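Sharing a structure here in structure tokens format.
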Amino acid sequence: MAIIDLANPTRFIALVNRVLPWLIAVTVLLFAIGLARTMQAPDDYQQGATVKIMYLHVPAAWLGMMAWGIMSVAALGTLVWRHPLADVAGKAAAPIGAAFTFICLVTGSLWGRPTWGTYWVWDARLTSMLVLLLLYLGVMALYWTADDPNRGSRAAAILSLVGAVNLPIIKFSVDWWNTLHQGSSVFRMGGSTISPSILIPLLIMAIAFTLLFVTLHLAAMRNEILRRRVRTMRLMQAQELAEAHS
Amino acid sequence: MQLIGDNLRCVRGGREVFADLNFRVASGEAMVVTGRNGAGKSSLLRVIAGLVHLTGGQLSLDGGIPEASVAEQAHYLGHQDALKPSLSVAENLQFWAEFLRIEGSIEIIPALQAVDLQPLADLPAAYLSAGQRRRLSIARLVAIKRPIWLLDEPTSALDVASQGRLAKLMRAHIAGGGMIIAATHGPIGLDNPRELQMGPQ
Amino acid sequence: MQLIGDNLRCVRGGREVFADLNFRVASGEAMVVTGRNGAGKSSLLRVIAGLVHLTGGQLSLDGGIPEASVAEQAHYLGHQDALKPSLSVAENLQFWAEFLRIEGSIEIIPALQAVDLQPLADLPAAYLSAGQRRRLSIARLVAIKRPIWLLDEPTSALDVASQGRLAKLMRAHIAGGGMIIAATHGPIGLDNPRELQMGPQ
Amino acid sequence: MSAFVSLLKRDMRLAIRVGGGALMGAFFFLIVVVMMPFAVGPDLGLLSRLGPAILWIGALLASLLALDRLFATDHEDGSLDLLMMGDMPLELVVAAKAVAHWLTTGLPLVLITPLLALMLNVEPKALGPLMLTLVVGTPALTFIGLVGAALSVALRRGGLLLAVLVLPLTVPVLIFGVAAANTAIIGPTPFGPPFTILCGLSLMSLVIGPVAAAAALRHGLE
Amino acid sequence: MSAFVSLLKRDMRLAIRVGGGALMGAFFFLIVVVMMPFAVGPDLGLLSRLGPAILWIGALLASLLALDRLFATDHEDGSLDLLMMGDMPLELVVAAKAVAHWLTTGLPLVLITPLLALMLNVEPKALGPLMLTLVVGTPALTFIGLVGAALSVALRRGGLLLAVLVLPLTVPVLIFGVAAANTAIIGPTPFGPPFTILCGLSLMSLVIGPVAAAAALRHGLE
């Protein structure tokens, strides 16, 4: 099946319907493996079992950021090619990205209580994640308030692109702020500094989270397409009524 | 019931718009206000509706509900349509009916039918064309009964069929003992209305 | 010069307004667009003016300034008057003339004279009556020369004398090789215009 | 009374459809609070000390930002004309619009306060008094702003003028609101007196606001 | 270019006639700054430490408050239609309006800063850097707000939505503006690096703002 076929919403829905069960199965399987490995992973000598929060926290953080990247790419599709599927992809990604960002914030807060002694500090990383959540909320607000879905997607696409410019600034700008949160240790120059006994379960969980994201995203895209069809049908019905009437 | 304007004078923005204006309209009558642009037709209607301050003279209503002001017994159809784009056609009408009603029931559907907007009832008002907006405005006059109609160029933006429907509504209103004062630059389909010519010429 | 609409299609708010629309207007010609409320007349004018997205079909201009878009060679007179209440009549016109001019001089005074607004030149636009506002809008068409005039119900709110003046201006524009597309529900004083009937009936 | 309710319902519906409604007020508040540490610096001690001030300033802004269009939109589309032609006194019309405004921007903002207070490290025991001051104080902000909104329509003016007119009038509310909230945090003065004054101010503005706003609109008729 | 200038002139004239113009921006700023001690408490040491933050927040508000009507008025009275039909690229149209907005609200606010800084007990030697950050930073606030103003017109939405969209985007400007101003007051880090970044942000927003705003308006055509 060529890419061009996928771009057709009907074909896309057919594909999603076929792929989705498999995707769900693989995701569940990976989560099972990941959680099992997580349980076996050694506790931290300082933090004890609370370190297990990390296996939720870190992948959620990554995906929260990745979702914005996907939205930006979709935004280009919307603005440059006016492609309906790009609209749908962007719209579907926003709440999921927001949810992951939110999970990152909540797990981080819960983790912060035992380790830092407080739920919240105005630390660089934390704050930039919170700003990311706010940006997500802004985009979602645009989708909610737009009465015409097409117009809403185009507006949201513009905001996604502008926000994409802003995002790295927020993330890096606060690096020199006094920081409680630890720096990157998985992806960094000169290789990872984490022991494999932690790293491997973490990576498995990260893949599981990514698959979860893909699953949710595809399902949300399908639902959105169907919702738009219903809307169009309603409008057409109203129009026919109006024409038949006169 | 009789609406009497006696020696009316109106000053807007520091300039006199009209003075020494006299008229008298009784129930079952229509009065057409004519005159060139800027003669003061709209100002007169707004004065009667209580929306512009009357600088001099006396405006009085004989009969009608004594404790209510003229404004409360009048419908005003101005250049603006008083519609909210984000509310649907039916919601817009429903709101004004609920707000303006003094007593009696509200008849949304028949009012929409009277201006042929019923098929669009659930459309947001933002999507209406100029004439459709105007018709929705007119539906307000039908939905709530008020004896005095103040119409400022009511036919503007209406297509031929709607002009006919409006004329029918106006005739029915008059036949029912109502009163119409309409400002216009052309014929609006009333039979033998009184005429009030404003300004020079 | 010739403006050609080929198989035009327009979708607004998710609903199809018109489709398969074809027309052709040459310089020195006028076209009158008619049809009932909601038929899509205003939408068509806005599509030509580049203010509404054209969903399908092709709109092309033969002749004219090649590097300029249709919108840049057209005047659009819509339902709204694009006037700032706090600027005076002359200031309003002066601004649009400066902004819209591509080349050539600006003629404010003659333009105001053409619509008989010169005596009000220094009045704030907030003080104008409906018809006076409309006339100020029309003065814009005179002040800056653009070959294509897109007029949406241009006679609305005008008194009889002003309707005559507008008709004269339109005839002069056509005689000078201009082009007019006007949406209307009644006669607007053009001799033998082409006619484009939109919508059913 | 049914006219009052239907106007209230209409305005809330419009706020929800056009402005995103109640959620937007809460969002806005969240953002303002999140931005403060960027300006003030992430010093937790300082932030918790400034907590009530930040929350009150946020409330003031949220009340002001959307308010300037309260009558302007109705004026521009001709609705105000019809609102004046109903048999409901203009004071009540104006009050209905103010209540709708408070319900869609003031109230959500009070409801989200606990979360924000947590982020600003405000002591839990101070949360109750803080929310109480906001519940009592935000209506005052709305009803004072009402006068400004009416004036700016009557004068056909916009921009910052409204804020310039209204802000000085809100100073007493702000002073006593923050003072009352602070007594619960810093002590040692009792909560009672400033809070009573705040209640008094609020009641006064509930009465004076609609009367003054209606007068402004009536005199705005030319 | 003459179209640019005439649009600029028109918008400034409107701001002066309708909004009270340049003076109003300065007034507003004055009021915000005067109100802060009421909220924060009259501790002079604390105030002088918060000085830059207060000034920056005031600037942010002033930029936002008037901004939401920037395109809305032109859209409602049909002017925007004609503005789009000129031969000047929409990006320039939008930029001209933003420049006019900055000249009538941003600039007066920078000019009045010395007076306010005095009231807030900011050290005289910090005044220069503080004003410099505001001169460079306020255009960025305006041009970022521009995007929000265009989006809210394109969607026919109002209220707090604009603020909710725009505020998070202004976070970096606020961070570096305040940071640069603070280095001059509290030290010990040098003024250069954050100020350079602020300049960079400003330049970026000068480019991205009009492009994004014009795109929003164009895509808002239905």
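Going in written order, the chains are labelled A, B, C, D and E, and every chain counts its residues from 1.
Here, a residue touches a chain if its C-beta (ideal position, glycine included) is under 8 Å from a C-beta of that chain, and two chains touch if they have at least 3 such contacts.
Just so we're clear, the structure is a prediction, and the values are computed from it rather than from any experiment.
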Chain pair with the greatest number of C-beta contact pairs: D-E
Of all other chains, the one whose Cα centre sits farthest from subunit B: A
Distance between the centres, which are taken as Cα means, of subunit E and subunit D, whole angstrom: 24
Centre-of-Cα separation between subunit C and subunit B, whole angstrom: 29
Rounded Å distance, subunit C centre to subunit E centre (Cα mean): 37
Whole-Å gap separating subunit C and subunit D, where each centre is the average of the chain's CA atoms: 45
Subunit E: positions in contact with at least two other chains: 18, 76, 156-157, 161, 164, 167-168, 171, 175, 222
Multi-chain contact sites of subunit C, meaning residues that touch two or more partners: 12-13, 15, 36, 79, 86, 126
Touching two or more other chains - residue numbers and ranges from subunit A: 131, 134, 137-138, 141, 145, 147-148, 238, 246
In the complex with subunit D, residue positions of subunit B that touch it: 12-13, 46, 49-53, 68, 71-72, 74, 76, 78-84, 86-87, 91, 95-96, 98-102
Touch list for subunit A against partner subunit C, complex: 147-150, 231-232, 235-236, 238-239, 243, 246
Residue ranges of subunit B touching subunit C (in the complex, touch as defined): 12-13, 15, 35-38, 42, 79, 124, 126-132, 135, 152-153, 156-163, 185
Subunit A partner contacts - residues on subunit D that touch it in the complex: 17-20, 23-24, 27, 30-31, 34, 37-38, 42, 44, 47, 118-119, 121
Subunit A residues touching subunit D - in the complex, by the definition given at the top: 118-123, 127, 130-131, 134, 137-138, 141, 144-145, 147, 177-178
